[in-house]
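Naming follows writing order (A, B, C, D and E), and every chain is counted from residue 1.
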Amino acid sequence: MILAHRSLEAGSLQLEIKLVDALIQSKPKARQRLLLEAGIVAAIALLLLFVIPPILVGSGQGFRVNLLGRYLALAIAALGIDLIWGFTGILSLGHGVFFALGGYSLAMFLLLQLPDGQLPDFFSPYGVTELPWLWQPFYSLPFTLFAIVFIPTIVAAILGYLVFRNRIRGVYFSILTQAALIVFFNFFNGQQKLINGTNGLKTDTATIFGQTVSSPPIQAFLYTLTILLLVGGYALSRWLTSGRSGRLLVAVRDDEARMRFSGYDPTMFKVLVFAISAGLAGIAGALYTVQSGIITPQAMNIAFSIEMVIWVAVGGRATIVGAILGTLIVNFAKSILSEQYAQIWYFFQGGLFLIVVTVLPGGILGWLREDGVRLVRSQINKRRPLQTYPSLEEDPDVQYERKNLTNRESDR
Amino acid sequence: MSYANATLEPTKPDTDLPMLEVNDLNVYYGESHILRDVNMTVFPGKMVCLIGRNGVGKTTMLKTLMGILKPRSGNLKLDGHSIIARTTDQRARLGIGYVPQGREVIPRLTIKENLILGLEALLERPKKQEIPEEIFELFPVLKTMLSRMGGDLSGGQQQQLAIARALMGRPRLLVLDEPTEGIQPSIILEIEAAVRRIIETTGISVLLVEQHLHFVRQADWYYAMQKGSMVASGPTSQLSNDVIQQFLAV
Amino acid sequence: MLSGLLDGIFSGISLGSVLLLAALGLAIVFGLMGVINMAHGELMMLGAYTTYMVQNALKGTPLFGIYIFIALIAAFIVTAIFGLVLERGVIRYLYGRPLETLLATWGVSLILQQLVRSVSWQLVTIVALFCLLFFGAMWIVARRTDFERARGWFLTIMIPLSAAAAIATGNVLGTLYKPAFTKLWFDARNVDVTAPKWLRGGFPIAGTQFSYARIFIIVLTIACVVGVYWFLNNTSWGLRIRSVTQNRTMSACLGIPTKKVDALTFALGSGLAGLAGCAVSLLGSVGPNTGQNYIVDTFMVVVVGGVGKLAGSIIAALAIGTANYLIGSNTLVDLTAPIKPLSDTFAFFSTISMAKVLVFALIIAFLQFRPGGLFPQKGRTVDA
Amino acid sequence: MAKSFGRREFMILGSTAAGSILLKACGSNPSTTASPGASPAASTAASTSAAGNTVKVGILHSLSGTMAISEKSVVDAENLAIEEINKAGGVLGKQIEAIIEDGNSDWPTFAEKAKKLIDQDKVATVFGCWTSASRKAVLPVFESKNSLLWYPVQYEGQECSKNVFYTGAAPNQQIEPSVDWLLENKGKEFFLVGSDYVFPRTANTIIKAQLAAKGGNTVGEDYIPLGSTEVKSVIQKIKQALPNGGVIYNSLNGDSNVAFFKELQASGLNPDKYPSMSVSIAEEEVKAIGVDYLQGHYAAWNYFQTVNSPASTKFVDAFKAKYGSDRVVNDPMEAAYIMVYLWKQSVEKAGTYEDLEKVKTAAYGQTFDAPEGRITMNPNHHLSKFVRIGEVGEDSLFKIVYETKEAVKPVPWNQFVADTKGFACDWSDPAKGGKYKTT
Amino acid sequence: MSEKILQIENLTVNFDGFRALNNLNFSLDTGELRVIIGPNGAGKTTFLDVITGKTKPTTGQVTFKGKSIKGNVEYQIARLGVGRKFQTPRIYLNLTPRENLELSCNRYKNVWNALFGKPSSAERRTVAGLIETIGLETKADLKAALLSHGEKQRLEIGMLVAQSPDLLLVDEPVAGLTDEETENVGNLLLALAESHSIIVIEHDMEFVRQIARKVTVLHQGTVLCEGSMDEVQNDPRVIEVYLGKQEDDHAAA
C-alpha cells in the first residue's frame, strides 16, 4: 500500500523498497543506537573516573584533576545553555545568576556546619550577631539540595514568564537577562552583612562528614559526583531534545508563530526550558563552588555569562556533546594559555569569539560534520566507522533526495 | 501553452540598441523555480507592458531587474551593457527608475525629502537640491503638500509621489509595477496621462506591469506571463480578447 | 531645602545626560541598524584614551587651556575611524543576525581592552606589517580569475606566513631598540585626564555648587543631541540614513549606496561613543575597564526608550538617571520619613549599588506594561 | 620537572601546531616590556629548571582585570628585588626563578593558580595577592598544602595565618594612627567612604569603634561598588551630613577614587574645609587621578617615595633605572620589595628553602633596612613598621607631615573591635598560635 | 449543514489610519468550501489574521461556532478548531514531515504532555495515513528542509488536517507550484472539503475554477461581491476592479 501512490520510474522502485525496509527496521535500530550511546557515555565516564586522574597525578599535574572536575561542573551549566540557546534559540546572557544561586545555596549550607550557636566567622567584622533569616533554612540538607536546583529554577521561571509573556524576544531578551545579572550582582555585592558581599563565601575550610571540604577524600567524592551528575545532565538533555519535547524545542526555534496557530502556547515551553536550564546551571554552580573553594558575586559578572555561551558555540550549538566538549576545550585552553601568555590572554579570548561567530558558526562539531567528514574521507578514502550521530552524508534517504532534487532543478 | 512559441520580436526602431534586454533569466526562491527562461526586450522610447495575473512572476521579474533578487542564470543588459553584476543602487544610478508595487514611499520622510531622495540616482548631484518645475506640472497635487509625511498621503498621491521620485533621477528606463493598484479611477487617469506625457516629452523607455486594460492599451508592446514563463507577446494593438481572457481576466 | 532640591534636579539631569551621551551612539546604531554593539563601551574607552593623548601632547602649549575641545574632535575622529574599520571588517557580515553581532562585538571589546594594555610601537609594527603583507598579497592575488577556488589555500598559507614575518620583524626591532620600541604606551594602569582649570570646581548657586565639568557635559549632551538631530534631518547623508532605516530595499532602488550608509551610520555611532568617552574622562577614571561600567546601563536606556527613537532615549536616560540619584541618595528616605516601612525600604536601597538593583527591577516592571519601551516602533521591528 | 615541561609544551604544540610559535613570540614580548629584566627568567622558566641551579618562587597577581591597575606595579617591585638578589649571587648560591601567574582579578582563579604553583611548579614560596578577597581565597590552599604566601598590602587585619607573612600595614599601623592624627589636627566629625568590600567595611568598623572611644563622631558612611564611577550621591550625602566641613575618611579603591576626587573638587568640597584621609591612594594613584584634584589631601602609609633615607633613595633609583624615570614607587611596592628580601634572609638563616617550618622560625626577628626604615618581622607574621602621613604636594609626591619615631608593633587582632579585643597571635610559641587570649 | 460556522460582522481593522479591513461582513456555512479572491492589498491576509487572533480588530465581531473569539489569543483560537496555512509554507524545517505532522496531530498541547506523553497508536495511524494522503511516504523521515516547495505546501496542508480543525484557512496554497502539483493540491482540498469547512485565498484563476463552488471577492477591505465563479466573473464591479472601467476604455479611445 505504501508503494501505490506516485509514479516512480522503474529503476527507483528497487530503491524505494529498500527504503521502506529501512523504515520498518528503524525501531530496533534506534534502540541499538541508544544502547551504543549509553555504552559510550558510560565508558567515557569510567575513563574520566578511573583512568585520567591517575595519569594526571602521575605526570605531576595533580591540580589539573581538580580543574577537570571544575570544568566538568561548568559543562553541566553549558548543557543548560545549549538547551536554551542551541536547541530553543533563546540567548540568555544571565545564566551566571542561576549558577551563583546554586553555588551560594550550597556554600551557605556548608558554612553552617558549625557547633550550635556559632556564626560563620565572616559575620563578626560587620557586627552581625544573629544569623539572618535568609540563612536559617540552610541548616537543613534536604532544603539545601532542593534550593540548589529549585531556587534557580523558580527565579528563572518567574523571570522567563514575565519576559516571554510579552513576547519579548531575541536581543531584547538577552539584554534583559543581562540587566537581571546586574541586579543580582549588585545585590550580592552590596549586601556585606547578609552574604559577605564581594568577598563571597568560602567553602574550602568548611567541614562536612567530619572532613574539610578541601580534603582529598571529599574532593574525590565531589569529582565523582560531578561526573555522575554530568552524565545525568547529559541524559536529561538527550531526553528533552529527543521525542516530542525535543521536536517542540526545535519548533520554538524554527517558527514560534506557527506553533501558536497549531494550538501550542510557546510561552510555557520557553519558560520550561529556561527554568530547566537554570536548574542545570544551579547544580553546576554548586559543584563548581565546592571544587574551587569559593563563590563570589564575580560568578555574576557579565563576562562569565557570555563565556558560557561561547563554550557552547565553540563546541557546536544544538549538539549535546558539543556543549561539554566546548566547555572543556575553552577552559583548558584558557587555563593553559593564561599560564603561558598571562598578559595577552584577552586577545585569544576575543579572537575566539570572532572566529566562532564568523568562520565556524557550527562550532567544532558542526565543522566536523560539515567539512571535517568530507575532508577526512577524501583523504583516506574509505568508509567511516559508525558514530553515535550518523551524519546526513551516510543517510541513504538523503542521497536519494539529493539526486532527486538535482533532477528537479534541471527539469522544467 | 499555445502561445508559448508565438513570441514576435518587437518592431525594432531604425538604429537603436535595445534599452533593456533580458536573456534566459531563471530565478528561484529556495528550491522553487519562479522565473523560467524569461526573455524580453524594451527598445528606447517605447512603452512595454508586462501582463499576467497575480503570482505569475511579474514582480519577481522586476525585482530581479533591480537586483533585489539574484537570478540563478541568464543575463540582463541595459543599453548594451550587462548589469548582472551591479548592485541595486548602481543599477539605479545607471538609469533605471523604479516605482515598485505598493509605492514604497518612505513613510516618515516628508514629500520633499522623498522627492530629493530621487536625486540619488543622478551621477552628479546638483549643488542645489531643488525640485524641477516639470515634476509639479506632471503632478500638481504634490506641490501643495511638500512638508507632509509620505506615509500620510492617500494611495493615489503616494503613487504620484513614487513616480515623481523616480523621475527626479532622470532615468533612461522607467519601471512601473502596478501603478493603478488600489487607486481611484479618476487618479488612474491622471497617472496614465502623466506617464504618456513623460514618454512624449523625455523619450525614455517604460516597462510597465499592469492589469488595468485601459492602461495596458497605452503601451506599444505587451508581454504576457504565466507560471513564470513568457507565453505571449505582441503589439498592444493586436492584444486580443482571447489573450485577455486567458492571461488577465478573472 | 532649596539647595537640596536644586541639587537633586541638577544631579538627576547630570547623571541622565552622561547616560544619554553614552547611549546616543548606541541608540543610533541599534535603532537604525539593529546591531547590538557590545564594544560600545570600549569605543568610549578609546575616546577617553584619545583625550589623554591630546592632553599630553598639548601640555605646556598655549592650546592647553582649550585642549578639551581639540580632544573632543580627535576622539570623535579616532573612534569613528575605528568604527568604520569594525563595520567593514566584522559587522557587515553579520547584518540581520543580532545575536551573532552581540557575541562578535563582545570579542571585539575584549580585544580592545587588551589592546590598550599591550599597545606599544612593537605591537603596532607587527599589526601594521601583518596587514600590509596579508592584504597586499590578497590584493595582488585577488585579481587572478581563479582566486575563488584557491582562496582556502591562499588563506592557510598567507595568514601564518605574514604573521610569522610580521612577528619576526617586530621582535628583531624590539630587541634592537629595546626600551623605546617595546615600552607600553599605557600599560594596565589608569591614566590621568585632568580637566583644564576652567572646568574644575563649580558654580555656586543658592548655597550649593554646580560642577563645571557636569555643566559642560550637560551642554555637550545637548549639543550632541541637537547635532545628531540636525545631521539626520538637514543633511543629505542624514536623509539617506533615515531613508535606509525605514526602507532599505527601496532606498537601494533609488540609488542610495546602502553599504556606504551602513558604514557611515556605524562610524557616526562610534564617533559619538568617542565623544562620550571624552566626556566621562572628566568625571571618572580612564583605564582599560572604563567602558565596561556603561554598557548595560546604556542598553537599558535604549530598551526603555524604545528602539530608534531619539526622544525615547532622552526621556529614558533622564528618568533612569534621576531615579538612580533619588534612590541612591537619601532624598527618598527623607521624603518618606513619615511612612516608616516605606522609608525603611528606601533606606535599604539607598546606596549606589542597591539603587541600581531597584532601578533595574523597576525597568523590568515597566516593560511588563510597555514591552516596546516608551515609544515603541511601529511596523518593522528588530527581531532576532 | 622536565617531564612536566614536555607535557605542557606538547599540549600547546599539539593543539595549535603552527600557531604556537606565533603565539610564543608574540606572547613573550609584552611581558618583556613589562619587566625586561626578569622576563628571561619568567619565559624560560621551565626550560632552565632542569639544571637544578635555581630556586623557583611564584608570583601571583592580577595582570588582567580590574585589579591589574594596582597589582602590575607590585609585580615590577618583586621582579626588581629578585633581579637584585640574583645579581648579588642569589639565595643559598642559587638563582631565583620567578614563575608569574595571572589571577585575572577573579578570586577562584587565584586559588586555581595557587594550586598550580604549589603542585605543579613546586615553588618554594609565593609572593602575591592584593585584595583581601583574593588572599582569603588562596588561604585555604596554602593552609591545606602547608605552603607559604608573602602578602604585601595593607589590610584590615583580623587574620593571622601561619602560612602567610603580611608585610603591609595592620590597621594599627595605618588606620588607627591616622584617625588619631585627624582627631588631633583636623576635627571630630567624620564621614566614612569606602568601596564595597571587606577592607573598607572592616576598616570603617574599626574607625567607628575608635571614634566612639576617643570622642569623635561618625556622621555617616557610604559604600560604592568596586569600579563604579557614579559618586554623585555620596557627595550629596557628605554635604548633608557635614554642612560646615569635616573629615572625610576615604577607603575607596581603584577607579572610584578618580571619580570621587573629581566630583569632590567640582562640588566645592575643598581640602581646607573637607580634608580627606585616604588609605588606598599612593604615588601611582596620584598620577592616575591627576594631582590637580588631590593637592592638599592626605594619605596614611608606611612609606612614601619622599622618605629621605639612603635605603629609600637606593630603592627609588634602582626602580627608575629599571623601569623608566617617569615611574614612581609606593608603599605596597616597597612592601613587596622588602618581602622578597625578608624571604631571602630567612631562607639563608634557615639554610634551606624547602623546609618551611625552619624558614618560618628563621623569619621571626629578621630585620631589614627597608626604604621606610629598619623593620622587624614579628612572631605574629606581621612587620613592625613606621607610620607616616603625607599631604599631596604640587609635584605629585607626598609631603610627610607626620611620622613615628620608631617602628610600630603590629596588632593583627584589632583591639577596638569587641570580638577580637584581648586576642593576639604568636606562631613562635606552639601553645599560643594564631589567636590566643592575652588577658 | 446550513449552520454558520463562522460569522463576521462589521469588522474594521485600522493600521495607523490605514483601514486594512473596512466594515466587512462575512459568513461561512459548516462544511462549505469558499474561495476568496481580490486584488493585492484587498485585505485578504489581514482577514485571516483577524480570524486566527494574530491581529485584533478595531471594531466588529468574529463569531466561530456560535461563540465570539474576542479575547482569545492565537493558540486558544487554534484549540477551538481553526487551522491556518500560511502564504509561504511554514513548517518546522529541522523536523521530518512525520514529526511535523505528529506535533500538529497531538491532542494534548500542554507542557506536561510534551514531556511525558507518547504519541498514541491512533495518532500514529492518523499520521501514517496523512503522509500517504499528501504523498510524502518516501520522504517521511527526512528533514523537511530538504523537501521541494510543492512538497512543503502539501506538508503544511497535511499539518493543518492533522490538527483536525473544524475550519481550515488556506492562504495561497498553489503559489509557486507546477501545474501537476497545483492539480494535486486542488484534489487534496476537494477531498478535505468533504469533512471540513474551508476558506481558500488564491490568485490562480484556473485553480479557483477547479475547486470553487462559491467565491467571495474582497476589495479595499470589504466584500465586493459573492457568488458562483461564473457570476463573479461577469460581475461588472469585479471586472472593474481587475481590469479597469470598461466604459472608460471607449471614452478614452
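To be clear about the criterion, a residue touches a chain if its C-beta (ideal position, glycine included) is under 8 Å from a C-beta of that chain, and two chains touch if they have at least 3 such contacts.
Note that this is a predicted model, so its numbers are computed, not measured.
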Distance-to-centre winner among chains (Cα means, whole assembly as reference):
C
Compute the centre of every chain as the mean of its C-alpha atoms, then state which one is farthest from the centre of chain B.
D
Check: interface with higher C-beta contact count, B-E vs A-D, is A-D
Could you put a whole-Å number on the gap between the CA centroids of chain B and chain C?
44
Averaging only over C-alpha atoms, locate the centres of chain A and chain E and give their separation in whole Å.
41
Taking each chain's centre as the mean position of its Cα atoms, how many Å separate chain D from chain E?
74
Residues touching two or more other chains, restricted to chain B: which are they?
31, 33
Where in chain C do residues touch two or more of the other chains?
114, 117-118, 292, 351, 353
Shared-interface residues of chain D (touching two or more other chains) are 26, 30, 34, 63-64, 196, 223, 225
Name, in rising order, each residue of chain B that touches chain E in their complex.
29-34, 53-55, 101-102, 151-152, 178, 180-182, 185, 188-189, 211-215, 217, 227, 244, 248-250
In the complex, chain C touches chain A at residues 36, 90, 93-94, 98-100, 102-104, 106-114, 117-118, 292, 295-296, 299-300, 303, 351, 353-354, 356-357, 360-361, 363-364, 367-368, 371, 382-384
State the interface residues of chain C toward chain D in the complex, per the touch definition above.
4, 7-8, 11, 14-15, 114, 117-118, 120, 122-123, 126, 160, 163-164, 167-168, 170-171, 174, 178-179, 182-184, 187-195, 200-202, 204, 208-209, 211-214, 280, 282-290, 292-293, 324-325, 328-330, 351-353, 355
Residue numbers on chain C that touch chain B, as the complex places them:
236, 239-240, 242-243, 246-247, 249-259, 379
For chain A, which residues are in contact with chain E within the complex?
1-2, 5-6, 16, 19-20, 23, 26, 240, 243-245, 247-248, 250-251, 253-255, 257-266, 268-269, 272, 392, 395, 397-398, 400-401, 405, 408
